[in-house]
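Look for subunit A in each of the two complexes below; its partner is subunit B in the first and subunit C in the second.
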Partner chain A sequence: MRHQITLKIGPATFRIGSAWRDPIDRLASLYAAYPMLPGGIADFSVRLEPAGPLRQWLRPSIFITGDHGLAEAAPMSLRHGLLAAEMGMNLQMALGWRRHLLIHASSVEKDGRVLVMTGESGSGKSTLAAQLGERGWRLMGDEFALLDLATGQIFPFPRLVSLKNGAIDVLSAEVPPDRMGPLLANTAKGDIRHLVPRGGAIDRMEEGGQPALLLFPRFGHAADRRDVGQAEVFMRLTQASTNYVALGEAGFLALSRLVQRVPAHAIDFPSGDDAIAMIEALWEERA
Partner chain B sequence: MTAKCRYCREERDAIAACALDDFTLLYHRTSGQTHMVISPVPEILDALDEAVPRTAAQVHDRLADHYDLGDADSVIAVIDAHLAELTALGLARRL
Partner chain C sequence: MSAALLVRALRDPASVAALNAAGWNALIAAARAERLIGTLAVRVDEGAVPDAVRPILADARRDAEREARQALWEADRAALALADFDGPVVLMKGTAYVAAGLRAGDGRFIGDLDILVPRAGMDDVEQRLIAAGWEWVKEDPYDDAYYRQWMHELPPLIHRERDRMIDVHHTILPLTARPRPDADAMLADAVPITERLYMLSAEDRVCHAVAHLLADGDLAGGLRNLWDIYCLLADADPAKLAARAERHGIAAQVRQARRLADGLYGTGRGRVGMWDRLVLRRLLARDGWGRETRKLLRFGFYLRSHWLRMPPLMLARHLLTKWRKGHRPA
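Right, the complex of A and B next:
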């Protein structure tokens, strides 16, 4: 395509092509610290194409496609081009990645051990991971945790953190402005602003760790904590995985080992500071 | 109704099992499906043979060697219903 960039995020390489310059320029700026592989071999291609013959110029509208596409994906405004590129990369991972069991979860690491947090959109897993990433933990990813089928390690996928609505102000207060992307107002998911992970998260993005704690956070409730039984954990993680079925027995073995080995808790919390205190306490108990 | 039916289990190699708390996961290699079951399903499956067909009453007799099952007629009806379910899942075969 006319404008393109090839990016490496964790183990995956993406070639993103666009009919417009702007989304590529924004990616180049926000992903400046990541490996760029001009002309390199990519695992996935993402294409941002005009949604119709005239839509490159007239009310520019982006249709996201690539190696794996969703025919019914709604077109997006060019002013949300950065979000379109991010969604395109997520879509390729969700539909096409086979080297790890992909869990829709955030993850952070400390002392070689990994905390994995999974939950519905709005559960707070992404914001918590971003906050912990600013407070002494290594951010491994806010969207996908990659479970190695052979070793049981979790590997990072530290793309830009996608902050939504209230989380934008929370993180803006503790992150330097040069690590924050532009405000994308009134997207289908509300206001979105991207956060560039700290340098260590990017420099060590090929470094995995053994999972030590699994949490199911739930934002907006009185503080509470309960143990979650292994069968429920297994059910929830199969629902949170985009490729469990596709991986067959390798996925079954990797996931059942994870569930048997790693303690799991559900935590309800009214604010990020409450959640972080609960997480740090749980982590100390497990240390 | 089906108490006279005879059943074999799938070959042991066709199923990978994993215990999680009180549940047992059964991964069926042939279909690629994962089933989550609780007692008495794993015990019934274990009481079936790969080659020698057994009726619900025969499965009951084998289980009764190890468990206190109570009234035989009602337990045989329960076992029969589970055998029909296992057959529908592809984990047992009706002969």
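Right, the complex of A and C next:
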């Protein structure tokens, strides 16, 4: 493809090709602190292609695909090229990664022990991880937590944090502007702005840790917390995993071990500051 | 062209030792796009590949093992559902290759479960599968009627719990196609794999794969189908195969498949004609990013596949109906 870049996030190397220059330039600038492997061997190829014969020039629009793709994926405007590249990488991980059990979760680490937060889009897991990452924790990732099949450790996938809507203002208040990407207005998921994790998160992106606490956060409710039984945790995590079925017995064993060893709670919270206080208290108590 | 790279790696796995990083990226992208990454992974010597490639191939091998396990389980479930069916149940394609331990099954991607049963028993088989939890996929009445009147198989059924598809065939080509393979002869000569399940004879396995590749489809996924054929040919007796192909009305296609398989995966010393070259160009239309190339040639083969499947007037009616329903060629 005409424009390309090869970069490494956690354990995975991506070769991203694009029919346009702009998305690659933006990736190069926002991922400047990450390992670049020009001409290296990649685990996955991502392709940003014109969505139709004329769509390279006329109302340019991107079809996201690669080694793994979804035929029905909706085309995206070239203005949102950075988001398209991010989605392309996520797609490869979700459909193709086999070296860990992939859990749709954010994770942060302190003293070698890991807090994992899982929930649906809008639960607040991404924003909380980003905030904790600015306040003494090491951000491991806002999208996928990688559970090692043999050791039970969680490994990072610290791509750019994708902040949505209200979370953008919350984080831009405490993060220097040079670590924030351009505002991508009116995407299918609303406004999006990317956050570059702090240096430590990137430098230590191959370093895992033992999971110590599992949370199911829920934003927008009165403060509340409840224990979650192992059976429920197991079911929710199978649903939050994109490769649980593909990994077969190895995935079952790794997930069973996680569920049996790590305490789990559901927390409801009305604001980010409430949530962080609840999390720090739980961490002292349980982890 | 990276499809050519893929073909060379399958033909001569040791040749990958000479690849640079760009070559590996192209090979992996093409192998994934052609669904041959598992086959490649079992053929290449792990010691001879760069560190960054080793886990990619290991992942592909593990995926292939899972595919095989799932396919065998589906076959087992179908065998159970059809335990009291009065007639042979013949496994076809990937599941048969894996169940019988054939070389074509090594590392192979396996999609649906394909079985062949006598045409007279189709209704009975359908009822038994539905009773065991399989359901219709296509709700569209036109598609359903089309399948039942003109196709060589039932409309696809999917299992409501396991989400796996079964294709129940009573012959190997659509009834509208010009060649009319002798399904009764195929059933009569099928060989047992288990107490309940059979597979086609060595010669009929080749005939089936060839009919599928050269007398029916648009050559999508053709590199893999041709790899199957190349592997299956090793078990077939050449004289018996020629006679069998004659009987099924696909003698020319089988001769061509032998030339193509030899040209791509074998010694490559045989003579190829103009038509062979065109088919080869189509088969190799894949670039170093795994993208389809030669769009016009691809479209030509797409049109041809319909032409092969049905007479012109019927084709026109069919395409018009599908167009109205919003279907567009990829």
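Throughout what follows, the second predicted complex is superposed on the first by the 286 of 287 C-alpha atoms of A that agree within 3 Å, B and C clash if a C-alpha of one lies under 4 Å from a C-alpha of the other, contacts with A are read in each partner's own complex, and residues count from 1 in each chain.
We take it that a residue touches a chain if its C-beta (ideal position, glycine included) is under 8 Å from a C-beta of that chain, and two chains touch if they have at least 3 such contacts.
Fair warning: this is a prediction, and the values are worked out from it, not measured in the lab.
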item	value
Which superposed partner A:43 touches (first subunit B, second subunit C, both, neither)	second
Touched partner set for A:248, first subunit B, second subunit C, both or neither	both
Which of subunit B and subunit C A:17 touches, first, second, both or neither	second
Contacts of A:98 with subunit B and subunit C, given as first, second, both or neither	second
First, second, both or neither for A:218, with subunit B first and subunit C second	neither
Of subunit C and subunit B, partner touching more subunit A residues	C
Partner chain in contact with A:231 - subunit B first, subunit C second, else both or neither	first
Partner chain(s) touched by A:159 [first = subunit B, second = subunit C, both, neither]	neither
Shared contact residues on subunit A - subunit B and subunit C	248
Subunit A contact footprint on subunit C (complex, rising order)	21-22, 24-25, 28-29, 32-33, 50, 52-53, 55-56, 59, 62-63, 66, 69, 289-291
Residues of subunit A touching subunit C in the complex	1, 13, 15, 17, 39-43, 45, 47, 49, 66-68, 96, 98-99, 246, 248
Subunit A to subunit B touching residues, read off their complex	229-231, 233-235, 238, 245, 248-249, 252-253, 256, 259-260
Subunit A contact footprint on subunit B (complex, rising order)	16, 18, 20-23, 25, 27, 29, 32, 34, 36
